[in-house]
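Here come two complexes built around subunit A, the first alongside subunit B, the second alongside subunit C.
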Partner chain A sequence: MSTAAGGPAGGGISATNVAILGIVGGLAGIYLSTILNGITETTYFSFFGGIGAILAGVWGADAVRRVCSYGLGTGVPSIGMVALGMGIVAAIFGLALCYVLGIPVVLGPIIAIVVAAIIGFIMGTMANKILSMNIPIMERCMVEIAVAGCLVMIALCVTISGTLVFENSILNTDITILSSVIQTGFIALIFIGGAMIILHPFNACLGPDESQDRTLYVGVEKGGIIMAITGVASLVVIDVIPAMLTIVIGLLIWIIYFKKFINLTKRDAYKVIGTGLLPTEEELQ
Partner chain B sequence: MTDFISLFDPISIILITIGGILIGLGVHFIPVGGAPAAMAQATGVGTGTVQLAAGAGLTGLISAGFMYSMLGNDGLSNIELVQVMLSGAVGAMIMISVTMFIGQLVYVYCVGVPPVSAKVDKDPITGDIQDIYVSKGTEGHGIPTVSFVSGVIGGLLGGMGGSLIYAILMNAGSPGPIESLLVGPSPATIALAGIFSAGVFYVNAVVASYNIGGTIEGFHDPKFKRVPKAVISCLIASLLCAMIAVPIMGGL
Partner chain C sequence: MTDPIIIDMGIVALTGALATIGGAAEDLESDVGSQSNPNSQVQLAAQMDFPHRIFNKAISGEPPAYGLWCASSAVVASVMLAKGMSVLFALAVGSLVGAILLGMFAVTAHMGRTASQSRFKQPLYMDMVVGHVPAIIAHGYIAVFCIVSFSYIMNAIMGHPFPLPLLALFWGVTAGAIGSSTGDVHYGAEREFQNQPFGCGLNASYSGNIVRKGEAGLRNGMDNVWACAKFGGPVTGLALGLTVFLDNWRSTIFTGANAEWFAIIAGLIIVVILILLNRYVEVDGRNAYGPYKEEEEGGAPA
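Let's turn to the complex of A and B:
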C-alpha cells in the first residue's frame, strides 16, 4: 500500500519555517498557560495549551506529509502512532524527572523535547540503516515527528490540568498532571486524539493533487476538535469557566478552519457541482 | 529525593527489552494484508499492521492487567509473572482469532473468494493445493489455515511481550512489600504502567511493520526471513524506552 510513492513533497511554507512555528508555538502555548495561570492563581489561561497543541500538531502533520510522500509501505497512520508512542514516553519522562530530581517544572518540556529528539533520531537512523527503508529525510522527519508528538502530549496535558506540576509531595492536594490526566485515564484520550492531529491530515488529503495549505488546514481543524474534547475532559478537573473557554475556542477554531478547508477543496477541485438528493423510487420509474 | 542512578534496575530493563523483541517477533506472524487485502486482492486481514497488533496487544494488556490485579498486589513471584504473561497472551490470541475469523466470514460469504495463499503452492499445514485457486491479478485472498495458525502464534508472542512490559513496569512502580500488602499499587502507577506499555508497544509494532513493508502472510512468507533485522531494531528501540521508563516508575 505505497501511498503517493514518489519524490519529495513541495509546498508554500518551507519545512524549517513550519518547524519554527511548531516548536516555538508549542512551547509558547505550554508556558503561557502555566505561567499566566501561576501569576493569576486561576486556571483561565489553560486554553493556551490547546493552541500550542494545534501549532505543534500542524508541524507534526507537515513532517508526516513530507516523509509519507516517499511512500512508507505501511500506511500513514503507523507513523502517527509511532510519533505519539515516542512522544508519550519522552513527555512523561521529562515531566516526571522534574519531580524525581526536584528541579523546577519549567525545565520539564525542554528535557522532554531533547529526549524525544534523541529517540526520534535513533528510530530514524535505524529505519534507514538497519531496516533499509532508504528515505533520505527519514532521520530529520522522525526527529520532528517525535518532538511534535511530545509537545502535543504535554500541551494537551496542560490544557486539561492547567499546570505543569507532575506530582506533589504527599500532603499537598493541588491538581497535578498525574492525578488529573494520567490517573483519570484522559491520557488515553489525548494519546489517540494527539495522534489524530498528526496522522489524519495527510491520510485524508494524500494523492497527486495534495497541497500543503489544504493538508495543514485539516490539521488545524482536527486540532480544534481535539481541543474542544480536552475542554470537556477538563470540566471535571478544573473549573467550569476555564473548561468552557477551552471548548468554545476549540469549536471556533474548528468551524473557521473547516470552512477554510472547504474553500481550498473547491479551489483545488476541477469542478464542484451539487447532485441534489437521491431520486425517489417513483422518479426512477 | 531518591538516588537516581540506583533506579536503573538492570533486570527490569533487560526484561522490558525482551518484551519489546517478543512484540516485534509477534507482528511478523500476524497475516497483515493492508489495503490490497481490504479489496480481497492479497492474503491476510484487510488493515494495517499497527491496527491489528494494537488491537490484539491492547486486549492482551487488559487481560494481563486483570490477572495482575488478582496476583500481583503484593509483588510478583516468578511463577506469577508467567501467569500474568500467559493471561495476556490468551487475551491477545482470542482477539486476533476473532478478528481473523470474522474477516474470513466476510471474505468467504460476502466477497465470495476462497481463502488461499499465493506465496506457497501447498499449505504447509494441511497440504491443500493453493496456486490453482488464486484469482488472476491478485496475490491470494482470505486467510488460509497456515496464516490463521501463524496469526494465533503472533497473538501469543505479542500478548506475552506486552504483558511482560506491563508487569515489569508495575513491579518497578509498586511500593515496598508492607505498604503494598495493605493498600496495593496506587491507581496512578497502574495508569502510568498501562500508558507506558502502550507507548512501547506502538513503537515496537511500527518498527516491525516497517521491516515487513506493509504486508505479510505469516511464517511461510519469504518476507519472514527479514526477522533478524527487526529483532535488532526492536532491541535498540525497547532498550531506549526501558531506560527511560524504568527509573520514572521507580522514582514515583
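Let's turn to the complex of A and C:
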C-alpha cells in the first residue's frame, strides 16, 4: 500500500541501456572468468564472475523498479523471489544440460537465459491475463527479471568455483559447480543473496521521490557485499589468493558505492540533520 | 549406560530452547526497525503529514531477509569449520558477519526510504541511524546465532542430510515468516495505535496516524522494542521454539524406535491439533469480546 505513484518510473538511464549493460556485463563476467581461468590454468580471474553478477543484478533491480512502480508496494519481495526461483531453475538446467548432452559448457549460460526468458514470459503473461494485474510492462519486466536472476546465479556460481563445468566426467576436473556450489550448500547463499541484489534496492528506496541513480547504487553496493561473502565461500573451493581477490574487490565496490549512496541520500532527502524535533505545523504547510 | 534416546531428547530440547531465544530476538530486532507488518503504517505516516522519529526499515520481506543473514552466517561458519576452527568460534564469527550484514541493509533501507519521502518533509535524523542500527545488529546477532546453532546441531549431531547453509536458509526463512506473522502484529496492530480505543480496528481515516510521542519526548524504535518485549517477542519465540521442538521431537522419537512412518503421521496429528486449538482460541475470543461497539462503550474516537 505504501508505494510510489502508480505509473511508469522515470530515470536517467533508459530501460534498454540498463538491459544491455546487464546482459553484456553479466555474460562478459561469466566468460572472462572461465576463459581466462582456463587459459592460465589458474583461478585468479574468478572475481570477474562477481562483477558480472553485480551488473546483471543492477539490471534486475532496475526491472523490479519499473514493474513495482505500478503500485506493487508489498509485492516487491514476491517479484524478486519469483525472479530468482525462475533464475535458479533455468541456470541449473542450462549448466546441467551441457553435461547431459555432452555439448561445450560455454553454451550453458546461453541455454539458461533462453529458458529463463521463456519461463519469465509465461509467468508475466499469467500474471497479466489470469491474475488480471494489467500492468503494461509486466511481460517484459518478468522476462528481464528472470534473465537477470539467472545471470546473477550463474555468475555467483562461477565466482565460487571458477568454472562452468557442472559435473567432472566431461573434462575430468576436480572442481565443478555440483561439488563446490551445490553439495556444499553454498547455493543457498547464491539464491538468497542474488535475490537481495535484485529486490532490495527498490524496496530500500521506495517512495514518491525515489530516483533511479540512488536505487541502482544500492544495487551495486549490495552486490559488492554479496560478492565479498561468495569470496569467503570460495576460500574452501579455489586457492586463497583468488578468493581474497574476490573478497577485497567486493569490499572495495561496497565502500565506494556506499559513499556514493550516502551522497545521493543527502542530495535527495528533505533535510539531513544530526538530531532535532519534528517539523512544525507551519513548516509542513 | 544412559539410553541413547535420553541424550537425543536432550539435544531436541536444546534446539527448542535455542529456537525460542532466537525467535524472540528475531521479532524484537524487526520491532526496533519497524520491519514487516508495522512498516506500511510507518511509511504512510510521513505521507499523511505525520512526520516521525521511528526507524523505517523494509529490507525486502522479513523471511527472505532472515534467510540471507542465516545463510551468510552459515557459509562463513562452514568455511571456518572446514579450515579446522572450533565449532563455537566458527558459529560466533559467522553470526557476527550475518549481523553486520543486517546492519548494512538496515542503513540503506532507512536512509533510502526517508530520502524518497522528501516532498512530505520527513527529515533524515542521523542520530536515529547511529542509535538504532547497533540495537538492530545486537538483536540480530542473538537471533542469527541461535538459528545457525540449532541448524548446526541438526546437521552435525542429528544427521540431517542437508548441508549447513541450506538448513540455515530454511530455518532463517521460517523464523522470519513466524516473526512477521506472529510478533509483528503486536507492534503493528496495537503499539502503533495506542491512541485509538482498544479493539476498534483500523479505520481508513486513521491510516498513518500512528503514535509518534512517547512517555517522554518523541517515540522511537527503542520505545517500541521495550513494549513489544512484553508480549510480541516472547510469543514469537514460543512459536518458533514449538515449531522446532515438535518437529525434531517426532522425527527423533519415532526414528529411534524404527517407526519412521509414524513420524509423518504424528506430524499430521500435531498439525490437526494446532488447527483445532487455533480455531478454539479464535471462536472463544469472538464470543468473549465480540465486535467493537463504539456507542455502548461510550468512548469517542480519538
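By definition in this document, the second predicted complex is superposed on the first by the 267 of 285 C-alpha atoms of A that agree within 3 Å, B and C clash if a C-alpha of one lies under 4 Å from a C-alpha of the other, contacts with A are read in each partner's own complex, and residues count from 1 in each chain.
We adopt the following convention: a contact is a pair of C-beta atoms (placed from the backbone, for glycine too) under 8 Å apart; a residue touches a chain by one contact, two chains touch by 3 or more.
Please read all numbers here as calculations on a predicted model, not as lab measurements.
Looking at the overlay on subunit A, is there a clash between subunit B and subunit C, or do the two fit?
When both complexes are placed onto subunit A, subunit B and subunit C end up clashing with one another.
For A:233 in the superposed arrangement: first (subunit B), second (subunit C), both or neither?
The second partner, subunit C, only.
Return first, second, both or neither, reflecting whether A:100 touches subunit B, subunit C, both chains, or no partner chain.
first
Give one of first, second, both or neither to describe whether A:168 is in contact with subunit B, with subunit C, with both, or with none.
In the superposition, A:168 contacts neither subunit B nor subunit C.
According to the stated criteria, A:272 is in contact with first (subunit B), second (subunit C), both, or neither; which is it?
second
Looking at A:191, would you say it contacts subunit B, subunit C, both, or neither? Reply first, second, both or neither.
Both partners.
Have a look at where A:222 lands relative to subunit B and subunit C in the superposition and call it first, second, both or neither.
Only subunit C; A:222 stays clear of subunit B.
First (subunit B), second (subunit C), both or neither: which does A:128 touch?
After superposing on A, A:128 lies clear of both subunit B and subunit C.
In the superposed arrangement, does subunit B or subunit C reach more residues of subunit A?
If we count touched residues of subunit A for both partners, the winner is C.
Just to be sure I read the superposition right, which of the two partners does A:209 touch: subunit B = first, subunit C = second, or both, or neither?
In the superposition, A:209 contacts subunit C only.
Contacts for A:81 in the overlay, against subunit B (first) and subunit C (second): which applies, first, second, both or neither?
both
Which segment, 134-142, 170-178, 206-214 or 224-232, is the subunit B region that clashes with subunit C in the superposed model?
With the two structures superposed, the offending stretch of subunit B is 134-142.
Same subunit A residues contacting subunit B and subunit C, which ones?
In subunit A, positions 1-2, 73-74, 77-78, 81, 183, 185, 187-188, 191 sit in both the subunit B and subunit C interfaces.
Hey, which residues of subunit A end up touching subunit B in the complex?
Checking each residue of subunit A against subunit B gives 1-2, 72-75, 77-79, 81-82, 84-86, 88-90, 92-93, 96-97, 99-102, 115, 119, 122-123, 126-127, 130-131, 133, 167, 178-179, 182-183, 185, 187-188, 191.
In their complex, what parts of subunit C are in touch with subunit A?
Residue positions touching the partner: 39-40, 43-44, 47, 49, 51-53, 58-61, 64-65, 67-68, 71-72, 74-76, 78-79, 82-83, 97, 101, 104-105, 108-109, 111-127, 162-169, 212, 218.
Touching subunit C in the complex: which residues of subunit A?
So the residues of subunit A in touch with subunit C come to 1-2, 4, 73-74, 76-78, 80-81, 183-189, 191-193, 195-196, 199-200, 203-211, 214-215, 218, 221-222, 225, 229, 232-233, 235-236, 258, 261-262, 264-265, 268-279, 283-284.
Under the definition above, what is the set of subunit B residues touching subunit A in their complex?
Spelled out, the residues of subunit B in touch with subunit A are 1-2, 4, 7, 34-36, 48-51, 54, 187-188, 191-192, 195-196, 198-203, 205-207, 209-211, 213-215, 229-230, 232-233, 236-237, 240-241, 244-245, 247-248, 251-252.
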